[in-house]
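As written, the chains take the letters A, B, C and D, and residue 1 is the first residue of each chain.
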């Protein structure tokens, strides 16, 4: 493949500046805190994504490479055993230094060294550098999504309820009637088979048998979820997996994350501040356990990841109209019909290697494969996913109890019960 | 189906007395303790399996039913929310009362009431009673296996190393050369489709696509596993899933459960006491994480549960020659070639509902379905599984870190890599 | 000091058989369990007190000493770093072996070797052996009290509410009117200064300044304590030390240990089974935090240990009429007026070394001194303390949150407020 | 007492601006983090001390009082049950808002309202307002010390080792030879009996009996402590209290907090950055357990608080030459001989009420009394204590395992052993 240095540089610079732009609404103090282990300080995201380029690319390809600051290699390695010792993940929020200013200087310096490398490296090195930059850029896009969800968590857990962005006014559109759509099965191919970038976990394309099934043309809404709550959904063990029911008891779950009772009504914390529940909006910030319980209560089930992928190919998976990060709504919108965007949907599939899976070579083998246990696949992207980062074969994954991502429900069902 | 009262009674009585016979080698004190949450006191198994018959059958069908002791309903319910409050699972080992003598009296009384019911119930009730007794009997067989593994844990964690049974002398047989056997795939049917008893989680029979694959004709042996240990298998993160590696660090795993270093050699605790490692025996008491790491180290992988089931149908799955509970070896034997018995093998499949899965009706819906998260499927039965309890479609399941069952490895591989 | 071998043997044998007699009402199963870390299995007490004689005396003085069972040295060492590694304290209840029968055989064997040593040792060794036996005998008496309180805990936490002994019928006696008695202070001597046995922590006798004070001639009763409860004592933070209030919240304390609400009334678990609260009986099984909160609520305070000792010398501290272990009531009695017996009273004094304190020589230095942090002194003995074990200078000590001992309240007050 | 409004205002304003001046070397990010529960974010100290004035004084005395921000009452209450619900202490470091700028604005506004109140309140209210301001000012001085120790902890736990202040160059002085000085005992009076401010816990003055004793004329130095380390002090259980030994094992203590091995030498983190150990400096940042173990190893003991107070009255307790906060060394200095300053010394006394202790009236009753359990008294002040805040009767108190304060050792001994 012929690599265009100018395009590569453009892509690199765009992604790098978008990350910083996402932090514009923050005060210095907001960059520092880590309310729970899952949520990293925004400052850490800024530094870690930079460390990635320095460690994975500059250290190998830059002539006369010298580390920007050797301590940063310890502080900003996330989970790569191959890259040596790391600062403890639970302790990211106790580091006041480096300051935000210092982190931004780190970004600037690495950006310059990277763009210099792009322009001056040998033609021989270029393909490998290009490949690694593409991974680094996609890695940074994942952290863009995490930045949004982590900022939301930081703000939502502050009694002063800070506001990140102003509300996007939705256009009323004529929405199709909600319905279960029949999809024909058989031996289907799923997985990535193209020439652009995709993660190792999306490959290889392979055959699966999928029976005919039904899938909803719309996401479960807050209004529908409210019926589940009002019907005692959180109080009846029969809807729940055993681990889910334990979690409901331990955590005292009574509604999605960020919902709070206001007298007889519910309100929710959003990145635009506290708002009443909007019945037509897709429900979000629920765990797999809640998604699964809702589906059982509704007499339906969650789709497998293969079913989701097959259905998305058949139905509306328009990328341009989808509500993704670029929309800048930072919130699921009611008037969207694409299988992509709004909220990631929990599938019923455990995160496992595809048949024939081969991890990325070298240290980046640690990127995906080692996490293939105890997690559930989510599909479709969310309002916090960059538009040019998502695709129909994309496999996101989280533990079944996690709720701080924009995660929701699309129901499926068997044809004959 | 015509039910034969005499046969039903015979089956009931056989299983009930086998459970007690398994406890014959115990001292009273051995019945009481619970060294970890997973392991229940033998006394508890004796009582819980009895409670099952009283609660599920007698309470519904016995004329003028009176509880044997109402407190027992609280003490011996395991996890059935439908059956009301329970004594906390972690606290089973702090109950000195009821005594073993009292528990045996409870068993005797319920046995008499059950056999009386079998003989005197109306022809109309008989089919449902028969169905529930079959479930109760299969339930008790599962606890027979747990009794053996729990007693092993209790003994192995006592510095006095008590002995349960004497060693079975193995016959030398001509074993086939270990080899990877090629199995042809396609759209295959897996799951239970017969007329005898099977658990709800084995149904319905359904189609899956399985590519051609290789599977080993033998279990991984202690000798092979020792090579993994000696090659630094427990010290190299690259073999391990991330959760598995965390577990290795936290628990300080260096070998299978029950292995201990004796100078430069290894010995293991067995139900016949401490013994040197026998290289030809199947390795046992390893977690999914260890099975998976071994397979990666060996350049192979674990089979999916579909692959295992397909292969077992094709290869030797002889029941009569298999090393099961009835062999009374209480230990994996080197000279066995059946896919059944010796040790449960970890598959790579998460425990999920089969397409079209319908849970058992009523309170017994809690038996299997609610545990379908966070667990891994094991196949084939072990030296602690009753012979008439196992079949090729049987799905056992445990969390990936569990080691106290007789669990081991059968390797698989892709045809073309 | 001239030591009489026959008397020494008699004392040894008496104490040893009393310990076993205290276990007479137990079933085998009762000997095994450990519901919380504080409570040891009765079997462990039987073995540990025997280990003490073997380890401290036989190992040093027996000709051709051989350990009874080397593993027992590991299993039955409590907390003596000097005596090497120990089985983990929290895990005493997971050991089914040695069995009760084996432990009793261990006792019998060590008893024989000990009595043989008493009769055959040289005159030269006799004083030191006598000194150590006296310590061993007093040590065993402490475990007699613990046996009683641990059995009570084991039974009280069993939903079947087993009974240990039958109720002792109290004689009605003419009790003195409850009153605060004035005691004159000054520079007083406290601590042990006699020629009989006393623990190192009771010495040396030393001077303390004690101001004039008031002390109650009676223990706080259940009836009085009930007023505290009904006045919202457990719900008003103002009565409580900060650590105590945290404990109330965490543990959900609403009454003394073993009390339970029965509709509008309270009942309590005793060694004679469940009983209604008896208003005239001394309240027992309360923590220091509760004793302190009650005193503050009552407008008074707890005595210092010096005040208690001075007062006990001045007022009724009759040993013969006191309710001690020998009474066999196993429960505080209403009609007792001695400062000794019934319940240990919490003082306001932290457990510290007396000025000039010198720990016991050798390994037994670990007996008392190393525990002088984080504990509170209790005085006076209880209905579970052997009569010839208690004295006015005796210092018992427990952490301020402990409740499973027979611990109660005697109020004090300043003369001028 | 005649109260001078101008002086009161001056005192208030001085203390308030000193607090802010102590934060001058900080970056915004440093104000936010809370590495352990004990350590509060500097921002929190700034806000909490301000809340104290608003809540305790303005709310009661200001005409037409309106809360500055009602949420602040929830966020900045520390532990006062009387003042209602509080933000959880362990979660102070997850609050990015209010920002530092907002907190400083809060300070400014309350300062103005306070100075306005001082100048305009009625003569009748003035005495009570003056009394409460004096408490508030002393309260803020305690937080000045905490600010210094908390900043030290925050910096010392950051791998980038930030620097707070530059090193103070010590003057060489002729120091007296280290020696144990004999102090005569008897019935002595201790406690506060003057007319200036003192905390409730220092009163009333009362009599105690103190035997003749020895006390060192100097603090234990780093050099002496190093001998303890090199003699295996942290590896020999015989020096340690049982709770202390447990702590050594659990935490892996091998030296004082902030010491780290650098090859064969030790260095320590100070507020001026990393430095080699200076043998002549007083050892600091040790727990009570370490102080007690060192004393036992040295064949001596810690003084009681009465002994310390008596000795300080007899020996050099010069305030002006002492190394206190005003010195701005922020570190113990070798050339200081006063009993005051440098490091707080651990006494052997548990923190208990003095005989006749009466807590402060009203909500401030919670200030001291409720903490009188589980803590040890420290005396003398440190290099982080404001000069006009310390006195000979001052009782500081911490749990015996705490190490982040400037805490050290002054040895005592019995006259006749």
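Assume contacts are C-beta pairs under 8 Å (C-beta built on N, C-alpha and C of every residue); 3 or more make two chains touch, one makes a residue touch a chain.
Predicted, not measured: the structure shown is a model, and the values here were computed from it.
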- request: Find the chain most remote from subunit C, comparing centres computed as mean CA coordinates.
  value: A
Query: How many Å are there between the centre of subunit A and the centre of subunit B, using C-alpha atoms for each centre?
result: 38
Field: Euclidean distance of C-alpha centroids - subunit A vs subunit C, Å
entry: 60
Query: Could you state the distance in Å from the CA-based centre of subunit B to that of subunit C?
result: 47
- prompt: Among all the chains shown, which pairs meet the touch rule set out at the top?
  reply: A-B, A-D, B-C, C-D
Statement: Contacts from subunit C onto subunit D in the complex sit at residues 79, 81-82, 187, 206-209, 211, 237-238, 240-245, 288-289, 292, 348-350, 352-353, 355-356, 365, 370-374, 400, 414, 417
Task: Name, in rising order, each residue of subunit A that touches subunit D in their complex.
output: 27-35, 43, 71, 74-75, 87, 91, 93-100, 154, 157-160, 162
